[in-house]
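The structures come next, written out as structure tokens.
Both complexes shown next keep subunit A, but they swap its partner, so subunit B is in the first and subunit C is in the second.
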Partner chain A sequence: MHAFAAIWAIGIATMKGGLRDRLIQSLLLAGFFFLFSTMVFSSFSMRQPMEVAINYSLATVQILAVLITLFLGLNLLSREIESRAGHGVLTQPLSRSAYVLGKFFGLMLLCCIVVAFLALCAVIGVLLVRAGTPNAPLILWENFGLSLMGILLISLLLGAASLLFCAVATSAILPFLATIAIWVIGNSTQTVKNYLDANIADQAMTPQLKAIITGAYYVFPNLSLLDFKVYAIYGLPLAAAQVGFALTYGLAYTIVLLTLATRLFQTRDML
Partner chain B sequence: MTSAIKTSNLGKWYKKGVRGQKIEALVDLNLEVREGEVFGFIGGNGAGKSTTIKILMGLNRPTAGQAFIFDTRIDDPAARDRVGYLSEHPQFYDFLTPLELFRLMGTLRRMEGKRIHQRADELLHLVALADASNRRIKGFSKGMVQRLGIAVALLGDPELLILDEPMSGLDPLGRHLVANIIRELQQQGKTIFFSTHIIPDIETLCDRVGILVRGHQKYAGSIHEALYPQGSRFEITVRMPEQWKVEQSSFARKPLLWQKNVLYRFEIEETEIAATVQAVMDQGGSVATLEPKRRSLEELFLQLSEDSVPNLGDAVPTTVS
Partner chain C sequence: MKQLACLAIPIGLLVWLLVTFSPLYKNTLEPLRFPTYPPTIALEIMSLGNRELVSTFIFYNAQFYFGEKYAWRQEAPEYQRLFVALDKATDLDPRNMDCYYLAQGLFSDITPAIPVLNRLLEKGMRARPTDWYLPFFIGANYYFQLKDPVNAAEYMQKAAEISPDKDFFASLSARMLYQGNQTEAAIAYLKAFIKQTNNPAIRAKLTLRLHSLQAIAFLEHSVADFIKAKGRLPHNLEEVVHAGLIDAIPADPYGGTFYLENSGRVYTTSKLTETWKDHDKRHQDQQSR
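The block that comes next holds the complex of A and B.
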């Protein structure tokens, strides 16, 4: 019972920290302006303003959500360990696991707030464009919503990854860079996998190299699985099984990262 | 009787640098702090004081031995239930206000909301931060954060206080405040364990001290026995008549100090006290002060460090990293 109260309290404090952070506030404000400029931007495209509007707004939400998650990880996790600000909490009667889970809970609250805020701006932007477009095609809102869900899951996964790196690092910048690396790799694994599956790869590389790359594919997160943007942009049908698999994959990966972070944090020395 | 703190063969080494060079910060520490006492943990820079305290608070993990707080093993978070801690460099979530910080810390200590507010009120007054209770900690000066740290340590009304250098970084007024708080807490029957390298505070505050030299405990016991060892010499100050000359005295060897040919101070053996006092009175003088010659803590340190010659370099890396 106490563990829950502790996780809750740390989460709320972390959330306050995020919302009071100047950089995060600036990024949210930037999101607001970018998403309301959807109308201007999509009007450049005379033929498919709706597609452009949805593409532009979802991409903006995605990049800002990831950026904000990265900086939340830096300012609220890595910096906290480096500056010893977390010692006050850690020396209270609570387990290290409760601390890690509390930090993640706070991060989760923040990601939800950030994505919800950006999503609201995006929806308003898209609606404005539609109002100004004669004969606008139907928007598949459920795919739009699923894309936002995917973005939220990517943020949570990156948050858990940055928590994991913080559990082992002694400086603030390394977890930050490592999380960026995970994001970059996570976005390219699908391309690499497609290349491996194609026959041309067999001629270009040795079986050992292929095995290593296949291994890496399974170790690193495949973030493109969580990217439903095209389905929202072109109103393509999405199979429930595909969505179910992707969401389960994202959640499971996050939980594994979180479990590892909790384990590794258990034995580390604080600075 | 349970002891407030007990360690058995506690040890810690750190790995440093890419080559994983070992630094022995603490070796075989056997420490016992009894309930209700003020225990001073003394040592120079890098002696291992903070390492010990961080291990006790669960921030660092020991590499050898075991430690208990009120008989609970320190790897159990419940060991910190009855402990208040002040870090050497206190740092808190600076995006919070003191009141928000207290709410967070109080919740983590399972305190009721009402009690948290009441304590926060009392403690912020005690450390003179009442005016700043709703200001973000980000704008606080170093001294204010240190005082806030003291208030946070006292929040749960803990039975044991573990304070890492509570006086350093404070101005004389702040130091006086801390010394008074420690005395007050002692009166309430609390146990206080604090590390320090500021000598004058120790004598007036501590019941017992432990002295740490490069990770090795070299002394544990009464501060008076440490500073006034048995059979030590005494210093006597006497007031003699004006016409009296040092040369004609039977007792005075080389005076350490004299003032306007009236006050003289000598060093004598403990066995000579009676005879000297008698002689002074016989020659028309009087005794102004008589006190055991106090070893300075620096002297004591020096001596203890020399005793540890075989261990020299323990905490010193053997190669430059």
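The block that comes next holds the complex of A and C.
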């Protein structure tokens, strides 16, 4: 089988499997209700209901997109490898790298569908709030779209990390927990680095600890770079160079993780 | 039949529990305490990339706590904890205008809190350079609480530069700097603040102050009329009533008594500050009515 055809076939099968997953369906339904609750949530704001509405809807999309990616990684990849359900596919004349890339392609399609669905709910929620807000500030939809793009990239990066851990782990829960750890660390490295740079913690931290934190800052993905929510919430100007750098960083990191996952899966003992 | 009984018995039990214990619960309220939040760096890490949302949650918590404590339970709120929480919320999201608005509403009449309140508002000014409310608030705090018209004028000037309503600031600054009429200036400031406030508890707090100031303005006008008519300052406010210029001295909504100073200005024994004893009395009066 041609490699691209194999990747396509595995990707479509993974996507269909994901859409059939009851857990994913219930999370999407929860997202639907959350986003329509935007009106209630923003109504408690004293001065900035529009900003609160955008903040709430984008944060909901981000949290749900990440949760869905984590569960997709658990249900569609880890469990399949652990239960050896995927071994049948691997007996076909296709390379292991095509299998990994196919799985990622499927995950990518699912993430796109999930983010697009949640984004639609978010836009409707925000428009409903705008309709009920006199003198509503101008919404920068291009920043809103870029925030969604950032959320999609975060999901893809975590999906690739999940695949990498699946390639080496022997239990299904380990990649799930390791990906959660990457999510938490990825959101914290910039904060901790800023804290270090501000020299607030000079007295409390040993040089070794500082070196570890600085190392972690460069090794782990910096998910704060892909977070454009604040620009959408307050309609702040966003430099094209900053967007270009962040998107390239996210894509490059995802490709690195995917390459490592492919290499490690090739050397994995499947018996 | 058995299944019906299995369902009816626990439902009956639940109804009995609700009917019996709901009034008991209503009358024995747990003490309401405002939480102490972890340090800002911990909040940032725990927010998992949603600092703005956590900041909004802290603001909502502060707002609901104040509403329940001040307006419903009629108890003294824990102002210090509220301030620390709003400071942390604005560290997480320095553009969160709701926090600055609530802080101004809560602390602008507590003179010892003004220096820290102004520092908080300065943080907002740096993050929201086009928002005229922030320099307007700082200017008002300097003028009314710290009695510093020079700094007040500087901030009012900054607010005027970015406000679309230049006339309002021109008239307010004139009242502050040239006419020296603090009461009129305070009424104009409070009206502008109340106009933009949709929180009922904050609105009630500010309206109480506005009503008191309007009563003072009314009395000061009647004293001016008395001077015009008699060519001298009245000995006290009762003399203005006896002269037939006003029907009666209005009541101070804070529970104090209005009196006339030798300068011709009207003051109140309450110093426009709500004591919680007065608050309790007002609450009891409302209850008995």
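Rule of thumb we're sticking to: the second predicted complex is superposed on the first by the 262 of 271 C-alpha atoms of A that agree within 3 Å, B and C clash if a C-alpha of one lies under 4 Å from a C-alpha of the other, contacts with A are read in each partner's own complex, and residues count from 1 in each chain.
Here, contacts are C-beta pairs under 8 Å (C-beta built on N, C-alpha and C of every residue); 3 or more make two chains touch, one makes a residue touch a chain.
Worth saying up front: this structure is predicted, and the values here are computed from it rather than measured.
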{"item": "Contacts of A:165 with subunit B and subunit C, given as first, second, both or neither", "value": "neither"}
{"item": "Touched partner set for A:47, first subunit B, second subunit C, both or neither", "value": "second"}
{"item": "Touching partner for A:144 - first (subunit B), second (subunit C), both, neither", "value": "neither"}
{"item": "First (subunit B), second (subunit C), both or neither touched by A:230", "value": "second"}
{"item": "Which superposed partner A:267 touches (first subunit B, second subunit C, both, neither)", "value": "first"}
{"item": "Contacts of A:105 with subunit B and subunit C, given as first, second, both or neither", "value": "neither"}
{"item": "In the complex with subunit C, residue positions of subunit A that touch it", "value": "44-48, 51-52, 55-56, 59, 62-63, 154, 183-184, 187-188, 191-192, 195, 223-224, 227, 229-230, 233-234"}
{"item": "Complex contact set, residues of subunit C against subunit A", "value": "41, 44-45, 47-50, 52-53, 56, 60, 63-64, 93, 95-98, 101-102, 196-199, 202"}
{"item": "Subunit A partner contacts - residues on subunit B that touch it in the complex", "value": "14, 54, 57-61, 77-81, 83, 85, 87, 89-96, 100-101, 103-105, 107-110, 136, 152"}
{"item": "Subunit B partner contacts - residues on subunit A that touch it in the complex", "value": "2, 5-6, 9-10, 12-13, 16-17, 20-21, 80, 83-85, 87-96, 267-270"}
